[in-house]
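Next come two complexes, and both contain chain A; in the first it sits with chain B, in the second with chain C.
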Partner chain A sequence: MASDWRRYTRTLRRFWGTALAGQLEYQLNLLIELLAMAGNLAGSLFVLSLFYGNGSGGSGPGLGGWSWPEAQVVLGVYTLLDGVSSTLLRPNLSRIVTHVQEGTLDFVLLKPIDSQFWLSARTVSPAGLPEIAVGLALMLGAGLKVGARLDAATLALVAVLLLSSTVILYALWFLLATTSIWFVKTWNATEVLRAALAAGRYPITAYPAGLRTLFTLVLPVAFLTTVPAEAVLGRVSGPWALASLGVAAGFLLLSRAFWRFALRFYTSASS
Partner chain B sequence: MSTRLSLARGLRIARVLLSTQYAYMLEYRAEIALWALSGVLPFIMLGVWSAALAAGGDDAGLGLGLSQAELARYFLGAFIARQFTVVWVVWAFEEDSLAGRLSPYLLQPLQPLWRYVAAHLAEQATRLPFVAVIAALFFLLQPAAFALPSPGRFLLAVLAIWLAFAIHFLLQSLIAILCFWSERAQALERLLFIPYLFLSGLVAPLAAFPPGVRQVAFFTPFPHMIGFPAQLLAGLEVSIASSFAAMAGWIALLLPLTALAWRAGVRRYTAMGA
Partner chain C sequence: MLVPVPSAPLPPVPQTPSEPIVVARGLCKTFRVAEKQPGLGGTLRHFLRRRHRDVPAVTDVSFTIQPGEIVGFLGPNGAGKTTTLKMLTGLIHPTAGSATVAGHTPHRRQRGFLEAITLVMGQKQQLIWDLPPLDSLRVNAAVYGLDDTEARRRIDELAEMLELGEELTRPVRKLSLGQRMKAELMAALLHRPAVLFLDEPSLGLDVNAQARVRQFLVDYNRRTGATVLLTSHYMADITALCPRVLLIHGGRLFYDGRLAGLSERLAPWRQVRLELAQPLPAETFHSYGELESLDGAEVRLLIPRQRLTEVVARLLNELPVLDLEVSDPPIEELIGRLFRQGVVA
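Presenting the complex of A and B:
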């Protein structure tokens, strides 16, 4: 068991070391990423400010009872998660479809290492790192502005809930990518997922009742951004925090079981 | 005589291109349906805006000047306008030029960009039934918002959407043509998408913008590309003549620019086998 763990961490270090060395060759890309991040964040903040009276000069109705800095905390969490997904999730999970299409999944399955691990952690991209940094700064900075007490216990809870969000996001994406074993071209389905997750830019109470239910029970957007943001503000309730962990564990196990199930139907590209 | 001949030839080429591309796109209708679904952003934004409007009471200091029903129709209009102005020429062109498929196209007596125009129009025709179903579902869920635009308004909206498509296509073609010089041209498309996303009216009606930002936005082509057709479809108050004039102006600027860039680019073309 212990040697297994060591083998996987060593493999991970090799994977990511080579990936970073390869990507740092393209410096122009980094500049474009930085510009895109700044533009996207400025645009999102601007749209958010429209609900707080920026358009009319008044105070505005706000979003579901969240004050202006509190709403910024949610946007910070969203930006952070978006950065994590461009760094870890997108570079790996968007390739699964290609592996199935081109038959290179055979080579992955033959390797003496868990195939889900290989497919999920093969590479890493520094493109999302600035977004992670800016998202963290916005999340904590806006939290401090409303007087959130960021002691060690709060920060630990925030870290756990953010990890849980990342796991939910990963598992959802992996579940959809797994369907490519049957349908081959599910690249567009993951686009639909990404488009729907944009709802996480705003606190869940900013939506009408019907959408709120949809974003909590069907597509767990509430757990992705609202719950960690509430933890930053020191007002997350026990049941919500536990539910977040439960949803994360459930989705992770589901993705694992579904991948094993799907592999039984995999018949390789040439057979 | 010769002009009549060339007109007949042009029509024949258009018919063949459109019918082959339509047959091709029909093969991919499941994927195109998913693409159509991935344009849900206006509906998400409708949720946020309508809840804010409801929370704040009558207009709530949002500066929208719209009722709930008008707001719902505006975002449905934005969804429809977006569906029929989606452009992907930069990806298709980059793939074709890297794979060397562009070389035979260049030998044909037809400007290759027309082939992409036909592909886009065929894809829009394939999208049409899905968009109609989504619009019908939308009104079923929100019966209070139901209202159809008058026939005159509807025709103006169709014209506006076509012009918006033309502007978007020309803008993205300019970026695609940069592929002749740099392989990173696609990354520029990401940067172009940002002002398009925030200034076009896809995420917020421009009436909600502070006056200064709104004025700046109207110096760009973006508000005419989604917001204007959406307002026409929703039956809202809108300055029709000035928006059409602005769109005509942008096309008059972009069309010769694209033609010039194309001529300069083709001279640099050195793909495999060329």
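Presenting the complex of A and C:
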């Protein structure tokens, strides 16, 4: 067990070390990614400000009963999650399709290490790190503005719920990417997922009842951003926090089981 | 027409008392493929109503390999070689039959199994393209749980055997194909696997690089006692490395035995080379056997073994023969013929 832990941590260090070294070979590419990130963030701040007339922020109810700074907390959580996906999820999970298409998944499957771990952690992209920092600042700053009490217990709960959001997002994405074993081309499916998750920029209560149900029960968008934001604002209820953890654990287990099942159908791109 | 060998494995040639390290029992693999007519119409019809059919890629293949053997796996493109290798390495599940490699069932992909085998694919690479091979080797060392000292020792040893030096610190994209293949071999062998599955390891290499890879494999086998199952399009690889060959065609195993015995089984005929006093038209030779080549007064005929004596007597009687030579056709030619025609008449 201890040697397993050592093997995985050493592997992860080598994975990320080589990933960063590989990206430094192409400085321009890294620069473009950072620019795209900045544009993205400015865009979502602008759109949100439109909802509230003047963006300077009154405290009256705006979007689904959320005031401007409260909605900013949600946007902060969304930005943070988007940063995590740019750093870790997208670089890794979008490669699964290529691995299947080109048959290089063979090399991953031949290694004495968990293939889901390899596919999910092989690379890392620093381009998303500023976004994580901005998201964190936006989330906590807007929280303080509305007088949220950010004591240690609240922060710990926020951290746990953010982790659970990340796991949910990861597992959903991995589930979709896994279908490439059968369909090979699943970029479209991934785009649909991204569009649906973009809905998480705004508080879940801002949506009509039907969509709200969809975003809570089918695509757990509510758990991704609204629940951690409620935690920042000190108003998340115990059942919701537990439900978030449960959903995360459920999706994670499902993604593992589905991956194992899918490998039975892997035919390995022919030579 | 050749008859496939029965599913019970023929006894392997260098029979040793030890347990076989690779066992294939009635391996079968059927792929489901989409049936689609060409053109836009066909594409639309396929999109609306998908039709599939089952294509058997490998049918009832059985054999065993003893530890330390080097076995050549021969067959034309699409014969089922790679599919068989993929079943033996656990990448794909067999549709029927079973396999045991180094005491494990491959498709379970247990750690002990994965640490005991390796697969080198000439047309796929695992090295990180933008970084020097040394980086990929360090990743593999961590994945296989080798500590730094041990990894360093093995890298040095393999680098010496493969004559690689400063190439290991140059980005992979800047290496020649030969250097890259050697580095691929290092990455595949760092964990000292007991069983090597090599799928076209010398594909695309020039003659010198091919020879070096071959020599390395011989040395490696001698030094470590590793078992090797090798596919190659280059007969030179097979003749230099493999005392024993498996011949697969149309997904079925046709031959399992010594390379030398292959010609007898493959070729129920012999080659007769004639030197004539003067050139004769091609039709002249039809009654004797199959005309293989006609170059002025030099003629090559293929004659069924059982008619050889009779035909040679007739040739000497009826034609102005200056010189006559009977030989087994070269193995390359036999296999080439099999690959072209699908069957051997």
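FYI, the second predicted complex is superposed on the first by the 254 of 271 C-alpha atoms of A that agree within 3 Å, B and C clash if a C-alpha of one lies under 4 Å from a C-alpha of the other, contacts with A are read in each partner's own complex, and residues count from 1 in each chain.
Note that a residue touches a chain if its C-beta (ideal position, glycine included) is under 8 Å from a C-beta of that chain, and two chains touch if they have at least 3 such contacts.
Just so you know, these numbers come straight off a predicted model, no measurement behind them.
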item: Touched partner set for A:Y266, first chain B, second chain C, both or neither; value: second
item: Touching partner for A:L110 - first (chain B), second (chain C), both, neither; value: second
item: Partner contacting more residues of chain A (chain B vs chain C); value: B
item: Touching partner for A:R7 - first (chain B), second (chain C), both, neither; value: second
item: Partner chain in contact with A:N40 - chain B first, chain C second, else both or neither; value: first
item: Partner chain in contact with A:A196 - chain B first, chain C second, else both or neither; value: first
item: For the chain A and chain C complex, residues of the former touching the latter; value: 3, 6-7, 10-11, 13-15, 18, 21-22, 25-26, 102-104, 106-107, 109-113, 264, 266-268, 270-271
item: Touching residues (chain side chain C, partner chain A) in the complex; value: 31, 82, 86, 89-93, 109, 111, 114-115, 117-119, 121-124, 126, 128, 130-131, 135-136, 138-140, 142-145, 171, 199-200
item: Residues of chain B that touch chain A when the two form their complex; value: 31, 34-35, 37-41, 44, 47-48, 50-56, 60-63, 184, 187-188, 190-191, 194-195, 197-198, 203-204, 207-210, 213
item: For the chain A and chain B complex, residues of the former touching the latter; value: 28-29, 32, 35-36, 39-40, 43, 46-47, 50-51, 53-64, 185, 188-189, 191-192, 194-196, 198-199, 202, 206-208, 211
